[in-house]
Amino acid sequence: MSVTYSNGVDALNNVSLKINDGEFAFIVGPSGAGKSTLIKLILKEVDVTSGEVIVNGFNLHKIKRGKVPKLRRTIGVVFQDFRLIPTMTVYENVAFVLRVIDAPKKYIRSRVPYVISLVGLKDKVKCYPSELSGGEQQRVALARALVNDPALIIADEPTGNIDPELSYQIVQLLKDINNCGTTVLMVTHAQELVEHFGGRTIVLNNGSIVFDKVLGGINED
Amino acid sequence: MKISSMKYLFGQGIKSVWTNRIMTFASFCVILVSLLLVGSMMLFTANVNRFISGIESKNEIVVYLNDNVPEETVSQMEGDIKKLDNVAEVVFYSKEQAFEDYKKSMENAEEIFESIGDESPLPDAFKVRVKDISKMTSTIAQINKMQNIYKVSAPNDFADLLIGIKSTVAMISTAVIAALGIVCLVIISNATRASVFARRKEINIMKYVGATNIFIRIPFFVEGMVTGMLAGLAAAGITWFGYEKFIEALSKQMTLWKAFGIDEFIPFASVAVKVFLGYIGAGALLGAIGTVISTRKHLKV
Amino acid sequence: MKISSMKYLFGQGIKSVWTNRIMTFASFCVILVSLLLVGSMMLFTANVNRFISGIESKNEIVVYLNDNVPEETVSQMEGDIKKLDNVAEVVFYSKEQAFEDYKKSMENAEEIFESIGDESPLPDAFKVRVKDISKMTSTIAQINKMQNIYKVSAPNDFADLLIGIKSTVAMISTAVIAALGIVCLVIISNATRASVFARRKEINIMKYVGATNIFIRIPFFVEGMVTGMLAGLAAAGITWFGYEKFIEALSKQMTLWKAFGIDEFIPFASVAVKVFLGYIGAGALLGAIGTVISTRKHLKV
Amino acid sequence: MSVTYSNGVDALNNVSLKINDGEFAFIVGPSGAGKSTLIKLILKEVDVTSGEVIVNGFNLHKIKRGKVPKLRRTIGVVFQDFRLIPTMTVYENVAFVLRVIDAPKKYIRSRVPYVISLVGLKDKVKCYPSELSGGEQQRVALARALVNDPALIIADEPTGNIDPELSYQIVQLLKDINNCGTTVLMVTHAQELVEHFGGRTIVLNNGSIVFDKVLGGINED
């Protein structure tokens, strides 16, 4: 598949990629390589110029407008720019994803605090995004991506604003979730994380895949 | 959608009236002003129309009779005229009465009447009030065909004048109300568009995490409706207060208005329910529709 | 600040009218409507005032003289009356003329005059037009003190009526214009506040990289001014078109207006310059002030 | 000095710190430690609750409102959340800082493209921030911080969205600027950068300084 933005930038060039269910893959590559564009494609935030994308059984070329929310509910995303709703507290931001799928009130009330505590933000529950540090905002975005147990989790640079120690914990968390059957796709620039955890590693450069292999990590377990 | 979700969405809508108060207040003001403009124009028109039909009802044709028509013929004629389609009322106006009134109307000319004596030189007459002033001409023609009639005197100029006033008032008020209405729609849609535009990112984010359009729209809908209803309520309150004060001030010049044939203005109480329901309903509708239409563009992600 | 910087800031301001078109269009509409409302109310008032002074100028006192006053005395009296402060014009109205007019005014009563003959039973008179209708009572008193006067007949009720109309019109139009003015200020300040609010982050960022308040404000000032001027221009255009069409439509009923004493409406050409300059100036002022005041809050970082 | 936010969070606790002219210092520490708050303090974006801050000769407690822009012009900042003006192109965003100081037109026209090319964004000059990748936006923020040759450069996580290779180049660029006499303060989570370049390293934790020493790096030169 290919993506060309309206100003003529070829962000992706004849990329062909298949991520299997239950896989854990790192996507790395220099700035501007097209990693975020790949994610936007999966979310149908941008459309392919040529080619075809199939996500969780939805063919994004043929999907009707009305079905797009259904698609997005099967994917949990940590956006590179966080995209928290500024008028909602941390709790409301995370709970929103559950409200969207009409989850029972009771479930929301137990699930949301649990997920927020997973990313270590128990005492920031009532804060607004503008009252959080960069790393804290990023972790709220992560909590939001996890909260509704999606089939696919995509994390665009989820540790960019987080110290190394916590970063390891977060990737470990994603690994654990992956072990329960969830597919995880993680964009990162942190080489030491890739080296440490290993797994399938896809290197994008200039809109093309230049490397796609399973690396052995210094896995702890 | 479950009840609890609906509750949540309604709550969100009501809350965001306050959270986005700078934006909603702008919409509030715009809707308020729009309603006030259209509403006061309508009240004004209603008063003018009342005044016109007041004059209209006083408008009469005078049917002068020949001399010495026997009394039974007169009463038969009265019946005949009464039967005509467009006639609302017929009153007999004797020549003695006519002469009395005539004398009274003449100031500074007492000398003239002294030389005439008490015998009335004027004829007997009927005063006829019509239902529809614009059909007066044909009514006059019908009366003219009858026997024993000396002359039918119709205030034709005055009738034309009234018809002219009526159509002019209708034209002006329709034009002004329509113009105000269009202008108000434009500014309301702009105000709500601006209000939604300021939150386009929020809308986008919601879409990206899987919210359906309806889920995003309900709070906006509720917010717009509540804002509009509040504006309607405020507009109704202002109209109430303003109208009463205004009528009060105008009533100090009652002799002046009487001279123009206005006996009484429409009291607010008689239209209060209409005004309140109309304002609140129109406000809610405008606010809700405006906001919902404005969200459309930003939902397409 | 250097010329090139000023140029840049002005350019930015003008550009942002388009860049932020959703927001500036909302302000544009609001200012447009405000100007139209206040402006058309003013034009309406101007027409009413013209109409009133038209009537006023036709308003006259009739001074009836005793019988057989010698001609030289009459002309001396005419001079004396003319000298009075409040008198605008004095016209002699002979008894023959008066009787002629009187006869003409009486329809259906020819028989009465036949018995009187041609000798006028009415007195000679002066018709006196005053300058200020509200001082009429004292003028009448002054005339009454003169010799050879039979009676001074003043349309006192009518004078009161006119004074009543004048003060009522002044009151209503002042109230309405003031109310509209306040309402417009409120909604304009809200519209500009909303427009600036939507860009508060931009303003903050500029402050954080070292821009002074004035540097940030100039483009907003220019943007507000340009938006306001465009709104003023549009309002003037709409007023022009609308007013001419309106007058045209009303003029079809000229007999009707004549009946009310209106000979002619104020032609647009005679107020065009005032309207255009006034609208554009007011628009620029409102837009610029509104925007600049609205930026204040966000500059405090 | 101390900072307590209005919601009661003690972001900084009796911190005392002096950065000398011409120094190059790394500030590290876990997420929420107060690093960004320290920077906001220097920029007078937040005020101290107690204590005193003196930056480039300005006493921030006593400075008049009107002088704040003067202070900020002496500091170039890469904000953690970039803070690019969304309605301006890359060129205009960078040029804005020069326009603010009434720089000659000619100088702007030569200086801005040069700085943009330094961060490797020559072909993105006419893009708007929304058309850039995360790393590209971050580099525009860096270009903006450098463009007016400030006496002090503060960079809050300037390599969080940038691949390791480019990160090294960027820190090298900052080092070079530092060698010309500019003071540089850099917040980072990338341990390998600190290890590689060395220099004064300040570790913040929970609002307090827990470590402040000059480390030897594996310096290339």
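As written, the chain order gives the labels A, B, C and D, with residue 1 at the start of each chain.
One rule holds for everything that comes next: contacts are C-beta pairs under 8 Å (C-beta built on N, C-alpha and C of every residue); 3 or more make two chains touch, one makes a residue touch a chain.
Predicted, not measured: the structure shown is a model, and the values here were computed from it.
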* **Partner chains that chain B and chain D have in common** => A, C
* Structure fact -> For chain A and chain C, the contact-path distance works out to 2
* **Greatest separation from chain D - chain, by CA centre** => B
* Asked: How big is the gap, in whole Å, between where the Cα atoms of chain A centre and where those of chain B centre?
  -> 62
* Asked: If you average the CA atoms of chain A and of chain D, how far apart do the two points sit, in angstrom?
  -> 28
* To do: Could you put a whole-Å number on the gap between the CA centroids of chain B and chain C?
  => 25
* **For chain B, residues that touch 2 or more chains besides their own** => none
* Could you list the positions in chain D whose residues touch two or more of the other chains? => none
* Just say which it is for the chain contacts: an open line, a closed ring, a star, complete, or other. => ring
* All touching chain pairs, where touch follows the definition stated at the start -> A-B, A-D, B-C, C-D
* Asked: Along chain D, where are the residues that touch chain A in the complex?
  -> 5, 7, 9, 28-32, 35-37, 80-81, 127, 131, 133-136, 139, 156-157, 160-167, 189-192
* To do: Quick one: which bits of chain B touch chain C in the complex? Just the residue numbers, please.
  => 22-23, 25-26, 29-30, 33, 36-37, 64, 102, 107-109, 111-112, 115-116, 121-122, 151, 153, 157, 160-161, 164-165, 167-168, 171-172, 175, 179, 183-184, 186-187, 190-191, 193-195, 197-198, 242, 246, 249-250, 253, 255-256, 259
* Which residues of chain B touch chain A in the complex? -> 1-2, 4-5, 8, 16, 19-20, 202, 205-213, 215, 300-301
* Asked: Residues of chain D touching chain C in their complex?
  -> 43, 45, 65-66, 68-73, 75, 77, 79, 83-87, 96-97, 99-102, 104-105, 144
